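Note that subunit A is present in both complexes that follow, paired respectively with subunit B and with subunit C.
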Partner chain A sequence: MERFLQAIIQGLTSGGVYALIALAFSIVYMTTRVINFAQGEVMMIGAYVYFFMVAKSGGIGVSWPLALLVALVGAMLVGLVVHLISIAPLGKFDPNTNIGWILTTLSVSLILVEVMRNIAGEQAKRVDPIVSSFGGKKTLFTIEPKQYLILIVGVVLALVLEVIHSKTQLGRALRATAHDKATASLMGINTGFMVRYSFALAGVLGGISGWLLAPVIFVDPNMGTLVGLTAFVAAVVGGIGSTRGALVGGLTIGVVESLARWAGAGEWTSAMVFLTLILILVLKPTGILGEALIEKV
Partner chain B sequence: MTRRGRDEQEPSQTPDPIPSFELPKRDPGKRWQRRRHEEQMEEHSAGGWDTPINRRDFLDVARKLGTGVAASSFLYPAFLAACGKTADQLTPAPGGRFNVEEGGSGETINIGVISIYSGVGAFVGKLADRGGQLAVEQINKHGLPAKGLQTAKDGFPDFEAYERQSTGGILGGRKIRLIARDDNLSAQVAVSAIQEMITRFDIKGLIFAGLYDDIYAAKKLLQQYNLPAIAAYGDLASVGQLYPRNDYRQLFQMFPPDQWGIEIMLEEYCLRDRGYTRFAYLGDNTAIGAQGKRLIGETLARNGNRLLAAEQYNVGDVDMTAQLQRIRGTNCNALMVWGIAGDTAHALESVKRLDAVYTDHDGALGRGGWHPQIVGFEGGAAERTFAVLAGDAARTGTMSYWYLGGIGYIPQFKSAVDTFKKRWGVAPTGGENNPADAVFLFARAFEQAGGTDSNKVIAALENLEGGGINFSSITPHAFTKDRHISIEPADMVGITLERGKAALTSPKYELGAEFIGNPNADPPIPAFNPPGYVGPTHFMRFNQEALMKKHGKLYGDIMLKNGFGTQCTKVADSSAPYGFRLTTDCKIH
Partner chain C sequence: MGFLDEFRAANKDAQAERDRRRALKAWARAHARGAVGRPEGNGDVATMPAEEEKGDRLEAVSGEAAAEQARKPEARFKVVTSPGGIAFSVLLFLLLIWPFALPAFNRSNFLEIQRILVFAIIVMGLNLIAGYTGQLSLGQKIFVLIGGYSVGVLTTEFQSGFLGNHWIALIVATLFGMLFGALLGLPALRVKGAYLSIVTLAFVPIFYVAFNSQFLKGIFNAAQGISDIKTPIGNLARPPERVVTFPFTSRGMTDYDYYIFVVIMFGVLFFLARNIVKSRWGRGMTAVRESEIAAKSSGVRVYKVKVNAFMISAAYASLAGAMLTTFTTGQISPESAAAVHIRDSFVYVVMMIIGGTGTLAGPLVGAASVHAIRQFLIPQVQEAFGLNLLSWTTTILAVLALVSVITAPGGTVGIFNDRRERAKARQRRKQGDAPIARLPEALVRPRVRTTGVTGGDIVMETKEMSKIFGGLRANDKVSIAVKRGSVHSLIGPNGSGKTTFINVVTGVYTPEEGEVWFGGDRIDGKPAFVTVEKGMGRTFQNLQIWRRMTVLENVMVGLHTRAKAGFVANMVRTPLARREEAEIKARAMGLLQFVGLEKWAEVPAGALPYGPQRYLEIARALALDPILCILDEPAAGLNPAEVRDLMGVIRRIKETGITVFVIEHHMDLVMGVSDEISVLDYGKKIAEGTPAEVQANERVIEAYLGAEAVEHAGV
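Right, the complex of A and B next:
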């Protein structure tokens, strides 16, 4: 029972990162109806910026809060650049019938990997965590503080974003843009700004994910690929476009992975994740907390 | 929504401007104007009117652009290749980049390299690149070492004399070029890349420096093209796939077989030296892990023992806590970790999470909880990358194996190390010597064969004049017709991890001269590794008899006498060759 509980907590902690990236997927999807397949790489860039800022050997060696700040700004800018390169040139289009965005976002993700590979090299980098003990105790349920931090930050950020998006003018504007861009525009909402805002916010979330994940998985140019893909699955499982869904989806996928390892099926973790996706889509095609879009004619 | 509209509709049917609650401004700003303009264009387009930039056309172009960008990302390296350029001479990437040398007189001879250049095993590609590329540059600039140069300095190579050689290239000035490809941790990718290197670049030799799976998957292809190949990293011997045990005469191996490494580590070290009785295994899902598990099981069975638990992880996995929790139930003394560095570093982090890091010999025997000694695959536990990534989770005393190959820290190889540092800006970390000597082996074989004819090159590799190649390694690499592996069990050594300072033990634990220097030597030997250096070093206790017999001068007169290799606990013994012996009383290893 103790191990089962450990596996659940373990899954929730790793699910925290999936939730953060799934949030980023959802926010971009809300305003553009596209999936930013470069989101994992935005996270990777955030992790690299943090590493180069904070590392004493091979980096600048500043304090971690400053390094984090720079990483967030860097990731936000990369998020905007992704929009500028992969989405903006497509102009106004129907993402359901025109699939150019799949290729452009995917291309940008490959370019970002190549860029970092050439700048930083292939070899993985180690990043020390900002917290390494709970008052002298190194683990709780065999889980380190750096892993709990992921869960805490993930949940808190999801809740904060939920409040922002439901209670503030900015959030209402975002939801209005998500619901009907043309009408939102007629209502005086600068939908272009909202799209850019969503990419910038997704960039910041990517930066936070990179910062949280860097001490857990080593920083390397490919770190965002698999995590990004799994987070995309999490976003779909939770209900793409839903803040709460992203959180639920991320945590669900994290727990599924962890339980697969707990059950001695470690080599089947990816299969289990995709099986979960299929099951959810069969049972509830819009995802756990997703809502079907009803088009009024 | 169709073009039909423009021809059929009258201009008067042009839709009215979009109604907006925003009042038209007397002097509208640019942003407002642009938005209005976009909305009008969109509306016109929806009504079938052509607009200055038709939405459909624009999306078509965008789609093509997207396809182009995606395609160029995938084909970028090939594009560069077609232009005869390179994106990065040091780090080949998926799809393949390649290293370019200026062509000399005559046709350039291409040698292929298949290695791991991305993901958790990227450090392997770095070793292959640095070793192989430096060898190519040396050969293209100085040619092959003149006769007798390899042993000119009291049995060791004369590197200064070699660098004074002014005739570059082989076969009358032909240059060598390396074509490097990433296996992407996939044997299928490796086979495709090899096929491409054969058909597109007409490679005359191939160096394996990636996954074991690559060699197993590609051996039929090599046979089909009769292409000679050397496994700089990769093990065919342990699975009985090395000629003459089968008919793949094209394949040669200079990598220490896992079987030998496992035998000396388990039989000599774990069972006899340390007295361990309980063993468990944690390995990856590649051929490296599968082969390790099989060989460990067989070796233990021969000794009346068995694996108490065997767990697997996927390459790229981060958390192995669940597997280790099951292993913890066995209370094993030694945990055999079989995978490549990066993954093994994560495994050790998981060990740390369970508060089970190795402390010392007593701890491994179970006094004070579960703290097994880590015994690992050489590509996972004898790597500096592993030590750096795992941090303090990888403790002094982590054991692995290698062969008495490239020992950079002995004075006799200082010039070679200086050349390496000058070229790459860093000291070799270990293992670079294999791809380097593979290049020298091919170059010597081409020269001896008088060309690149496959049959003649293979025959030359089987009978290299001058006793083989030991220009980057300490022991010569040579093959015969009946022996396609260039090393012997007597070359095997143990590797242990050191963290740049002596562990606190009683009796006193001593680091080797490569860490602390030796002022008593004549001339005094400065420390080779910088303060705080973390990395693997040669540990000289097990296989000692065989080493002394085959490498008496190197192992005895140079290493033991001057205190190279981890010294651990030295005990005065007048009957021993140098007045001391390395005792098994060592607390760490």
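Right, the complex of A and C next:
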């Protein structure tokens, strides 16, 4: 029973990161109706930048808040570059009938992986956590503080963004863009800015996730692929395009993954996660909190 | 007396139907002979209507003529005459003979050509699902691995048994590919969106784990993989001693024999893919890509088309994977990381993009050029300039793909096709319209279906039907009955729920309350394709035509449900499939002539002016042989002359016995053509009756002009 509870808490903590990346997927999806296949790689770049800033050997060795700041700015820029290269040149397009965006975002993601592999090498990097004990105690329920940090930061950020997006003018503009771009732009909303804002925000969220994950899993060029895909499953499970859904989906998928591991799935753990995706597509394609899209004809 | 009349009438109907069918067959036959379309055509087509009474004799004459034709060999084996067909035949021939032609037989070159052909097969499959159907698979390597492992496991596990035979193993490998294609495609293709891309991408690491797993070591031998796969090729390392051998002998084959086999397989698979693309299924696939909703309302089973296309693409990849494993190394392993397979899958996509997405020649062009870049150009440049290019291979390909998607979405072949299209268009402008063959009257008339229709005088009826969107009653207990053979209009101010009504009736929405009846059956809650199959054709307020298909093809998709030949029958072009295809084409031309679009038949539908696009939708709806034809604001955006034209078309549709249901704001049109009018306001039916009754109705005037207007008018 105790092990079971541990597994749940463990799942919730890794769910924090999935929630953040799912949020990034959702925000970009809201403004553009595309899924950014490079989102996991934006996170990977954020983790690398943080490593290069903070590491004593192999890096510059500055203090962690400064390193975090640089990592966030870096990830944000990468997010904007992804938009600039893969979405902006396509002009106006219908994501349902024109599949070019899948290829362009995937291309950028593979380029980012290869660039990082050629710069930093295949060797995984270790990053020290910023907190390593609870006033002397190393772990709580055998779970380390760096993992609790993920859960706390993930949940707090998701809630803050939820409030911003439901209560402020910026959030209203974002949701208006999500519902109907043409009408939103007639209401004086700069929809082009909203799209760039969504990619920048997704970049920052990627940077934060990279910073949170770096001490937990090693930093390597391929770290973004699996995490990105898992987080995408979280976004679909929660309901893509819904900020609340991203949090719910992220935590759910974290727990599913952790329970699968606890039940002895071993190397098949991620298979269980992707089977959840299949299940949700069969049972409720709009996700837990997603709204059914009513098609106007 | 009464029943005799009835009998005679019924007999006459049946006779008319037989005549129509005969005319159609004759036309189709003539078309197949190439007699139609040329002004000097051999005459029996033009005289068709006059000869109708002597139908039997004509049938007999044509039958004899056909038999005579069949005795000539060139009539039985249709000679390939299209430039593409000739180029392809020449290419295949060259591929088959070049090892003889070259005295110095270079084994590595020869392997590279085989590789290119196998990649082209994979990309041909990918092109069917991604290029034509619009669903991008990012995990085709999964199926390549499944094919390779199938051959590996079967031939080593069942050494001397039936399943251990290489050729049987190839077939089983293909079937396995299709099976897993179905397992991934069925859930992923259920909903609209990029889910196939996600699911296929996500399953690459899973299959990597499976092939690598200790748990399944007994089957796949984990990381070591399977080596020493029993292949029909004698000795892989040794160059062939003789160039020509008899294949399938117990002595085994040389690798040249296997090369010939691969070339032939490539030719066959190319031919099958081409047949699908050119059949009604291929048109269905393109229709799904361009507009799912329009495809559905033309009776295309969107889900089935997508799953079929994906299963075929998986089968192509598996077969290719099986052959690749056989002729390259005779071994297969899961490689070092899942990322390798993701990159390989990506390379197939890049091949498709660079060659030409949604073109027939694209896959081969793309496979050859990308393979050449990867295998020759990059290493050569690396050696010549001392750059470390090899570790940037993926980046180079990704940049190529990005540039191609952004600047030339049609790829290499697409650029050539565009140029050809433009030349054709110039020629059309210069020469004016090509002479159009006069079609037999029976083909030009839309048909109302007579089979399987019950339900008496009322064709379609809603009973107390309500559709609610988040508490808002878009339709509130609406009861409307449409009489057979009438023109029934539905009018109402903007937002009164007219289009919602149509969407409920056609099965796009499910109503919350009440019932919908059509042709004697209750249909509420049934999917759209059921209402289509029962005989309901519709047009759309915001046009839903397939812009990149020709005008003729648009109508041909509308005839999708009128044919019986299935996917496989069209793939191998059975006589039934070929006959149906000719009939579909003939009927589509007839319907275009009915609405007056025949001179634009070969033009891409997107290039039509706005008015003709509306007519195109009407022709497409009529192609269903509908009982009920629903027109959603057909006059929107038309000028007064075009509206008068449209009124004529609606009247002519009515004359054929098809019931017409019109939603319209254009009052001249509504009052001019309608037998009965229903009026909606805020989701409720407020009036119903003849045009005169409705025009005088106080509540209607109030709804349109406000309560004050009623007072002023003193009604």
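Just so it is clear, the second predicted complex is superposed on the first by the 294 of 297 C-alpha atoms of A that agree within 3 Å, B and C clash if a C-alpha of one lies under 4 Å from a C-alpha of the other, contacts with A are read in each partner's own complex, and residues count from 1 in each chain.
In this section, a residue touches a chain if its C-beta (ideal position, glycine included) is under 8 Å from a C-beta of that chain, and two chains touch if they have at least 3 such contacts.
Remember, it's a predicted structure, so these values are computed and weren't measured experimentally.
**Student:** Putting subunit B and subunit C onto subunit A via the overlay, clash or fit?
**Tutor:** clash
**Student:** Just checking: does A:Leu140 make contact with subunit B only, subunit C only, both, or neither of them? Give me first, second, both or neither.
**Tutor:** neither
**Student:** Kindly classify A:Ile35 by the partners it touches after superposition: subunit B alone (first), subunit C alone (second), both, or neither?
**Tutor:** Only subunit C is touched by A:Ile35; subunit B is not.
**Student:** Would you sort A:Phe274 into first (subunit B), second (subunit C), both or neither based on which partner it touches?
**Tutor:** Once the two structures are laid over each other on A, A:Phe274 reaches subunit C alone.
**Student:** Between subunit B and subunit C, whom does A:Ile152 touch in the aligned arrangement: first, second, both, or neither?
**Tutor:** In the superposition, A:Ile152 contacts neither subunit B nor subunit C.
**Student:** Tell me which partner A:Gln10 touches in the superposition: subunit B (first), subunit C (second), both or neither.
**Tutor:** In the superposition, A:Gln10 contacts subunit B only.
**Student:** Is A:Gly100 in contact with subunit B, with subunit C, with both, or with neither (first, second, both, neither)?
**Tutor:** both
**Student:** Using the superposition on chain A described above, determine whether A:Leu80 touches subunit B (first), subunit C (second), both, or neither.
**Tutor:** The answer is neither, since A:Leu80 touches no partner chain.
**Student:** For A:Pro285 in the superposed arrangement: first (subunit B), second (subunit C), both or neither?
**Tutor:** second
**Student:** Of the partners subunit B and subunit C, which touch A:Leu229 in the superposed model: first, second, both, neither?
**Tutor:** In the superposed model, A:Leu229 contacts subunit C only, not subunit B.
**Student:** Could you tell me which of 25-33, 43-51 or 61-69 in subunit B overlaps subunit C after superposing the two complexes on chain A?
**Tutor:** For subunit B, the clashing option is 61-69.
**Student:** If I apply the document's touch criterion, which positions on subunit A are contacted by subunit B in one structure and by subunit C in the other?
**Tutor:** In subunit A, positions 86, 89-90, 98-100, 102-104, 106-108, 110-111, 114, 117-118, 222, 226, 267, 270 sit in both the subunit B and subunit C interfaces.
**Student:** Which positions of subunit C touch subunit A when the two form their complex?
**Tutor:** 130, 134-136, 138, 187-188, 190-195, 197-199, 201-203, 205-206, 209, 212-213, 289-293, 337-339, 342-343, 346, 349, 353, 391-392, 394-395, 398-399, 401-402, 405-406, 409, 469, 499, 503, 508, 540-542, 544
**Student:** Looking at the complex, which residues from subunit B come into contact with subunit A?
**Tutor:** Touching subunit A from subunit B are residues 18-22, 35, 38-39, 42, 53, 55, 58-59, 62-63, 65-67, 69-70, 72-74, 76, 87-88, 91, 93, 117-120, 122-123, 125-126, 285, 311-314, 316-323, 325-326, 342, 345-346, 353-355, 385, 388-389, 391.
**Student:** Using the touch definition from the top, list the residues of subunit A that touch subunit B in their complex.
**Tutor:** So the residues of subunit A touching subunit B come out as 3, 6-7, 10, 14, 86, 89-93, 98-104, 106-108, 110-111, 114, 117-118, 121-124, 126, 128, 138-139, 142-144, 185-188, 192, 216-218, 220-222, 226, 258, 261-262, 264, 266-267, 269-270.
**Student:** Which residues, counting only subunit A, touch subunit C once they are in their complex?
**Tutor:** For this pair, the touching residues of subunit A are 34-35, 37, 85-86, 89-90, 95-100, 102-104, 106-108, 110-111, 113-115, 117-118, 222, 225-226, 229, 232-233, 236, 267-268, 270-271, 274, 277-278, 281-282, 285, 294-297.
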